[in-house]
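I've put the structures underneath this note.
There are two complexes below, and they share chain A, which is joined by chain B in the first and by chain C in the second.
On to the complex of A and B.
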């Protein structure tokens, strides 16, 4: 484990992604400590262009967009991470159960997984969001998490099925180890690298999902996220007003965060799957 | 019965089951709203309406449609029955318009935009990815990060940036809509030209994002195939490079077809939001309006239609895949 971490540090792709991500995280965590103003406070006229005081200008309500952006990135990353945890944990449990237990359980779980892979998660996301009246960012994150697990479940199942027949698993079984113990010590270590990668991807797609759903006006209430900034810009016709600062920085932030996560994922992929190293 | 029709029937069964579940989700999820949805909705939408007669008529229409007084399973049966007759209810926001009529007017726009865009993006992306994997070097080093970056941009974000750049700043393309409003839809050159000009930007933004994702996938698959033993063997046999490239491309292509099937849901979702940015008169824009007006019948009509379309697309791809993948053919033969 320690060894693979050291190798990771040598992958330029992983390092670029990780550094970019951490820098961004540091910025959005530290800046609000320095500038302690309320991001929702109106301090200028609507759609003022960027200047020395308002680094990214003001939005339709005359709020400081740079400060909003900091809080937006924070929320988006948090939603992404929580969604990623939920999706990965659910996918892991279902994948392990169906791959290791096999038989009828496997058939049923695989059928459920296949069904939810085909029904667009986007649709379920909209239907649940429409039906829930009070959405905090935590609720939104959980909804995203429980609609995006099938990918992880399918891959974990495939790997577990192939691991189940390996000798070391048989030996553990003969030695009388309990099923949970076998899963934790004989199976999990072999799929750990994959699960970490899946988590990174799920986080990225969680951030994108949050942005899409907020764009539609179904985002969390009482908070600022990158998708919500974009939604405001669109609803209040910032593009028509020529106020590029109201949506381009938010758009690029979404792209940068997901890009850094994808980079980390690609770097890890090349380390853990030597076959695809070019 | 031959192997392929057995494969067909098996797939058909699974897709029908999936369809039933999609319909059930579409029915039950919006009914999780606490209390009497009809009175909540009607009170919300009739705010500002003073004519109590109209309010009462609206209320009665929806009471009848929702069948609130009946038990849930009976409502579900009614819902299914209505589905089969093509009745998706009445829109709240555009009362008394039928949801089916609204959707019917939106579908040609959405299909006309998305189908060509996704296909073009998919093909270009795969070719670029394969070339990047094969040529390696500078070409790969340049294409890969760019594709990765584009792939990280959500569909609608690229759409907004393009809208700002090409429609607002440069003024090359119109800002919104599917055609110029002063024109009457007809088959004249003038009208078609206007449609094409409005089509360009949303089309390009979907194509670009699709290219990014597909190129990455194809590059990875091609590198994987290029490292396979048969490539080395073929090289040792002295087979021409171009011929090997063809083998590699064909092998790497197969998983990309499944990839298309699996990601088509996400793509459709993304491109729907892209429509909103350009106020394109398709499904996405209607859904945006419906969500803002809490127009539940229209929302659930849109989601159902999207789910069904994605299922159909997946089913089609599965069928094609069964025809072209020798491994699936072999599996069909074995079962016999």
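On to the complex of A and C.
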């Protein structure tokens, strides 16, 4: 495992993605410590263009958009990571159970997974979001997580099914290891790299999903996220006012974050996927 | 051989995969009696159900029909401790040494697991000596190997380590599923000799699965010939090879050019 991590550091794609992501993370974590103002404080007129004082101008309420953006990126990344953790853990558990136990359990779990795949998850996301009264960013993240696990489950199931029939698993069985031990020590190491890749992808798509439902006005309350900034720009007609600074930086941030995560994923894929490994 | 103690008996053993139109009967109502200290060869072409039968004997696959008796009693594999007890007595070597190892752990762990399965409480030094003894039995140097990962070894070394594992476990029955088919000819005879040595030292029953009739004749006391999931002929090795009754057996023997000339003289 240590070995493959060292190889990973030599992959330019992974490093570009990782450095970009970490720089962004550092910026949004450090800047609010320097500029300790409240991001919701109104400090200028509406839709002031960027200048030396307000780096990205002001929004419809006259708030500092750069500061809002910093908090927005923080929330979006947090939502994405929590959604990624939920999707990966649920997908992993269902995939492992389905693939390793097999038989009837496999049939039932695969059916459930397929049902979740064919129902458009974004519709579920909207319906759940509408029906819940108090939405925090955590609730939104969890909703995204529990609607996006099926692809992970499916892939993990496929890998587990093929690993289950391998001789080293048989050897572990006849060496008297218990089932949980076999899953943790004989199956998981073989799919670990894949699961990490799936987690990165789920995080990226979690950020996108959050931005989408927030832009529809169904995101978390009492917080600032990239989608919410875009929602404000939409509701208060920033494009009509010609205030491009109210939505383009937010949209670019979303693009940049997902780009960095996809880059990391591609870098890992090139290393861990034997078919495209050079 | 029949005067020896009966160890494993299979009655009407059947394994069916799939259902409906996809149904395939891999093993079809097979009966067998294996005795203590006997070397049995299961011979058949690929797809004849040898490996499936072996996996059922191991308890790795559940039989669809029939029963297996171990030491005169129906075997019980319901709970984990039942299975653990069964696997103390019955062990296996698989065909592909490369996939028999977990690539993420060092060689040492494989041998440590054997000590754990036996439930032995040993000091560090005793463990070391035991592993070293097992490795020297198969002509490997434990000092050079214990820190290595499986992918740093050759196929022959891996398969010999698998035999070292069997040496440590001292099972009563060893199921060897084509243990020599993936290693070179040079390692092949060493591995066979090691298996025979194990039998002599421990009075182990060895069930040797192969597609090579010549090899089967060389090592075994009893031969079972399998075709399409059925056992078509069985009996003492001499009898089967020198005086085959079933047409499939004759075909198998004639398909081995090397033994053809050698054993034609006898008949």
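Convention: the second predicted complex is superposed on the first by the 275 of 278 C-alpha atoms of A that agree within 3 Å, B and C clash if a C-alpha of one lies under 4 Å from a C-alpha of the other, contacts with A are read in each partner's own complex, and residues count from 1 in each chain.
Convention: contacts are C-beta pairs under 8 Å (C-beta built on N, C-alpha and C of every residue); 3 or more make two chains touch, one makes a residue touch a chain.
Please read all numbers here as calculations on a predicted model, not as lab measurements.
Placing chain B and chain C on a common chain A by superposition gives a fit, with no clash between them.
Touch criterion not met for A:10: it reaches neither chain B nor chain C. With both structures placed on the common chain, the touch criterion links A:204 to chain B but leaves chain C unconnected. Of the two partner chains, neither chain B nor chain C is touched by A:181. By the document's definition of touching, of the two partners only chain C reaches A:167; chain B does not. Residue by residue along chain A, chain B and chain C are tallied for touches, and B comes out ahead.
With chain A as vertex, the superposed Cα centres of chain B and chain C define an angle of 100 degrees, given in steps of 10. In the overlay built on the shared chain, the residue A:37 is in contact with neither chain B nor chain C.
Between chain B and chain C in the chain A overlay, the least Cα distance found is 5 Å. Taken together, the two complexes place no residue of chain A in contact with both chain B and chain C. Those residues of chain A whose C-beta lies close enough to touch chain B in the complex are 111, 114-115, 117-124, 126-128, 130-133, 204, 208, 211-212, 215-218, 230, 233-234, 239-240, 242, 244, 247-248, 251, 254-259, 261-263, 266, 269, 275-278. Interface of chain A with chain C (complex): residues 1, 166-168, 170-178, 185-186, 189-190. Residues of chain C touching chain A in their complex: 55, 58, 60, 80, 83-84, 87-88, 90-92, 94-96, 99-102, 104-105, 110, 113-114, 116-117. Within the complex formed with chain A, the chain B residues making contact are 14-15, 17-18, 21-22, 25-26, 29-34, 133, 136, 140, 148-149, 151-154, 156-157, 160-161, 163-164, 168, 175, 220, 223-224, 227, 262, 265-266, 268-270, 273, 276-277, 287-288, 291-292, 294, 296, 299-300, 303, 306-307, 310-311, 314.
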